[in-house]
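Heads up, the next two complexes both have subunit A, just with different partners, subunit B and then subunit C.
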Partner chain A sequence: MSAFLSYLVHGISVGCGFALIASGIIIVYRVTRVVNLAQGMFSVVAGFAASSLLGLGLPHGLAELVAIATAAAVGLATGCVATAKPGTSPQASLIATLGVGVFAYAVEILTWGDQPRSFSGLSGAYEFLGTDVPKQYLLVTLVTLVVFGALEVFFERTYAGKVLSACASNPYAARLQGIRVVRMGLYGFALGGALGGVAGVLLTPVQPVSYDSDVSLFVNGFAAAILAGLKRPVLGLLGGVVLGIAESMVAGYAKASYQSSLALLLTLAILVTQAARREALHAVEE
Partner chain B sequence: MIQVESLCVQYGAAIALDGVSLHVSAGEKVALIGANGAGKSTLLNALSGIVAKKSGTIRIDGRWAHVPEGRQLFSELSVEDNLRLGAFCASDRNPAWIYELLPELAPRRRQRAGSLSGGQQQMVAIGRGLMARPDVLAIDEMSLGLAPLVVQRLAAQLLRLNSERGLALLLVEQSARLALSLCDRAYVFETGRVVAQGAAAELRDSPFVERAYLGGPLEEAS
Partner chain C sequence: MTRFALRVWPAAALAALALAAAACLDESALSVYVLLALTASVTVGITLLMGHAGQVSLGHGAFYAAGAYAAGLLAKNGFPSWIALLAAPIAAAGIAAAVGIPLLSLRGHHLAFATLALHLIFLSLVSELSLTGGDVGLQAIPPLSFAGVTLTSVRSYAYLSASALVVLVLLAQNLLASRPGRGLRALSSSEVAAASSGIAVAQYKLAVFALSAGFAGLAGGIYAFYMGYLAPGSFPVMLSIEYIVMATVGGLGRVSGAVTGSALVFLLVHGLSRIATLSGMPGTAPIILSYAVYAVLLIIAVLFLPGGLVAIIPVHRANPRARSVRGVHPAQAASNDSANDTVTPNHGSYS
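For the complex of A and B:
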């Protein structure tokens, strides 16, 4: 029982990290129709940046905030490379984000080396039903809930959120209303970068990051995002937590190396069923 | 209000507009008629700044709103959100006056725009255009796919806005009969050029327009 609980708690907090990455993927997709393959990289950059800043003596809180701002700036830069040229198709932009992600490897290795880095988060634990629940796990969960609450309010209740949604819904009509669609897409990328950054600074104390951690972060985040149909960030929260728990159970009861296969299998299964559904839809339309 | 001089637009090697000149004065009702692909929609997109011009001049004095072909709503968003987004560049984002003008939309303000009937969607599209508080409203293929009764009701509202508020109208229509009955003047487009223009009443009686666009003897023979 206590093993089960500790797997569950670990799964929820890691799943929250996946959900934050998923929300970044969903937001960039919603605003620009681009699947941002560099999304995992934002978390890596933020994790690295936070560890360096803490090493320089910046206090906790400030170091994390600066790291998140750095990730947002990297997100903006990625958006500029991928989408700023007028008339770039979402497919071309997708390949550009892949290129940015690979280029980032070089920069990260030159700046921070090729070894995994971590830093200590909140220390200590609460006891709950005979299981230790680390405070950092609670922090991850709490911050994630606040971030998703804020995202929900932003997209559903504010005019700026509606403007971003309009760009994804119908870019042509958005331009006719005088909305600068490319610029809004860049805001989407910056927001995606910040969300990836939040995930990075929260997860690094739980799981050390290295320059190539972005792949597993992206795969898990993407699985959570398509579990949500790439639509609403809130559904991504559900997808991320479900995936995080499932992987934690697999790692706990079976073998740790199986857990990323689970995300890949899940992604594949969803893509195949969705594609089949879409095919069926086309068949009906014809 | 709108002054276009020898406007040329190219899509790659294809010439979409070839030296088009036209004007719309304040409070005027002007129709652009012609077959599919004659360049009417391209002209509106050029006026909206969506397509770049190759040469020529465009001058618009006052606010301009463009209701595109196929309505192009933000279909996942609510009716109210669609209307409010129309006011992106305007200062007043309260859509209450649109609900007065098009009362059918009022009970559906929270509904997803994509779930409405074709006629209601066209109302949202026109309402969204009006939210920009335009001096000129351009509507591309308003009647396409709508029941004649719905078109009549929409047309009546537009004519009211025209007479009461001095809203200038620029109607792009394949249905030349409708356009010529609503408007004061018209331009006839063919393959990117204006091939005829004048008062709507005159064009209605001209044998050329009748044969090509009003279903004259030529069409009956084929």
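For the complex of A and C:
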């Protein structure tokens, strides 16, 4: 029972990280129709930056915030490369984000070396029903909930958020209203970068990151985004947590190396069934 | 007959160049040459798939690995090595056909993700199974031998890989010039239009996917015998990305572009990493340079060279086949003079 609880707690906190990455993927996709293959890289950059800044003596909190801002700037730069040139199709942009991700490898190794890095987060644990719940896990979950609350308010209550939603639901109509869709796409990338950054600074103390961690971060984030149907960022929270728990259980009860394959197979199954349903819909429409 | 000659000349020139290079180069250059020829073979398959069926595959490294493991396992378990080599493309194409049936209903970014997932699942399988030797991999794969001749020198593998490349180029070019090839070209501009002209879109896509995987499998099989050992670490996700960089830089959909692109990118990366190891640079310099080169080339090619390098090199040739395609692809109008083996890259038809 206590093993089950500890897997559950671990799954929820890691799943929160996936959810943050998923929401970044969803926001960028909704606004620009581009799946940002560099999304995992934002978390890696933020994790690395935070560990360097802490090493330079910046206090906790400030270091993380600066790291998240860095990730947002990197997100904006990624958006500029991938979508700013007029007439770039989403498929070309997808490949351009892949290029940005690979370029980031070069910069990351140059700046931080090719070894995994980590930094200490909150130490200690609370005892709950006979299980130790590390404080860092609670922090991850709490911050994620706050961020998702803020996202909900942003998209539903603020003008900027509604403009982004407008671009997502119908870019053509949005442009007719005088909204600069390409610029909004760049804001989407910056927001995606910041969300990836939050995931990075929260998860790095839990599991060290190396420059090529972005593949698994992206894959899990995308899996969560697919579970959420690539629709609303907030649904990504559900997708991420479900995925995190499932992976944690597989790692706990079966074998740790199966967990990412599980996420992948699950996502593939969902994608294929969705595609089949869409084909059926098309057949009815025609 | 003239048409046939047109199709054969570029391949004949390539064959002459490739075999001459294999005969002249010294040992250390030959080891680069073998890998280059194998990489170009995979890229020819990628360009068929990406340029003509309009599918992005981030998983062809897995088919390369599948071919390598199939050849290595068979050869180690007592099968004649030439049978093992023949089995490599068949195994890779078979896997591609099996996974392609569900996966190819996906499009655009979904397929890109699915093929990336395929690569990752393959890697985790290979490093888990005891059959494939786990993380350690397969050691001591016997060299390739056929009819009493055993290939041991680097030069013999250079001849072998160059011949494989030439055969695959010839196959790809003739495929594109044939009736199914015209079907493929129609498919790359509009799936709906192609389907309504009676082209079996799903079957064509699956066939190209399997064929391109077969190309990768053959190259992987040669790699297994050339290296003599295999490990999951030899087939990182970056490998799949490299093929895309090369095909995109050369010009998607063009067989000549695939060969030119892979030669240029491969030699550039190797040249730079040689410089990086020379002058007392830090140990990470070669890897940093190679990532940076791949990334910059990919971004430039995808944003600014939609037809690839081949499209900016003007080639004047009266080719009735190419002219008939022109009206269909307005995007290609600017670079039409270069259209010889050709079709438009499929950036536009994402859905």
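Here, the second predicted complex is superposed on the first by the 286 of 286 C-alpha atoms of A that agree within 3 Å, B and C clash if a C-alpha of one lies under 4 Å from a C-alpha of the other, contacts with A are read in each partner's own complex, and residues count from 1 in each chain.
Convention: contacts are C-beta pairs under 8 Å (C-beta built on N, C-alpha and C of every residue); 3 or more make two chains touch, one makes a residue touch a chain.
Being a predicted model, the structure only gives us computed values, none of them experimental.
Once the complexes are laid over each other on subunit A, subunit B and subunit C both fit without any clash. Shared-chain residue A:176: touches subunit B; no touch with subunit C. Touch criterion not met for A:77: it reaches neither subunit B nor subunit C. Across the overlaid pair of complexes, the angle with its corner at the CA centre of subunit A and arms to subunit B and subunit C is 90°, in steps of 10. In the superposition on chain A, A:246 contacts neither subunit B nor subunit C. In the overlay built on the shared chain, the residue A:270 is in contact with neither subunit B nor subunit C. Touching more residues of subunit A than its counterpart among subunit B and subunit C is C.
Of the two partner chains placed by the overlay, only subunit B lies in contact with A:159; subunit C stays clear of it. After superposing the two complexes on their shared chain, the closest approach between C-alpha atoms of subunit B and subunit C is 8 Å. Overlaid on A, the two complexes show subunit B and subunit C touching no common residue of subunit A. Note for the complex: subunit B touches subunit A at residues 48, 50, 66, 68, 72-77, 81, 84-86, 88-89, 93, 128, 132. Interface residues of subunit C, counted against subunit A in their complex, comprise 56, 58, 102-103, 105-110, 112-114, 116-117, 120-121, 124-125, 127-128, 237-238, 241, 244, 248, 284, 287-289, 291-292, 294-296, 298-299, 302-303, 306, 346-348, 350. Per the touch definition, subunit A reaches subunit C in the complex via residues 34-35, 37, 81, 85, 88-92, 94-96, 98-103, 105-106, 109-110, 113-114, 215, 219, 222, 257-258, 260-261, 264-265, 267-268, 271-272, 275-276, 279. The touching residues of subunit A, when paired with subunit B in their complex, are 159, 162-163, 165-166, 169-170, 172-179.
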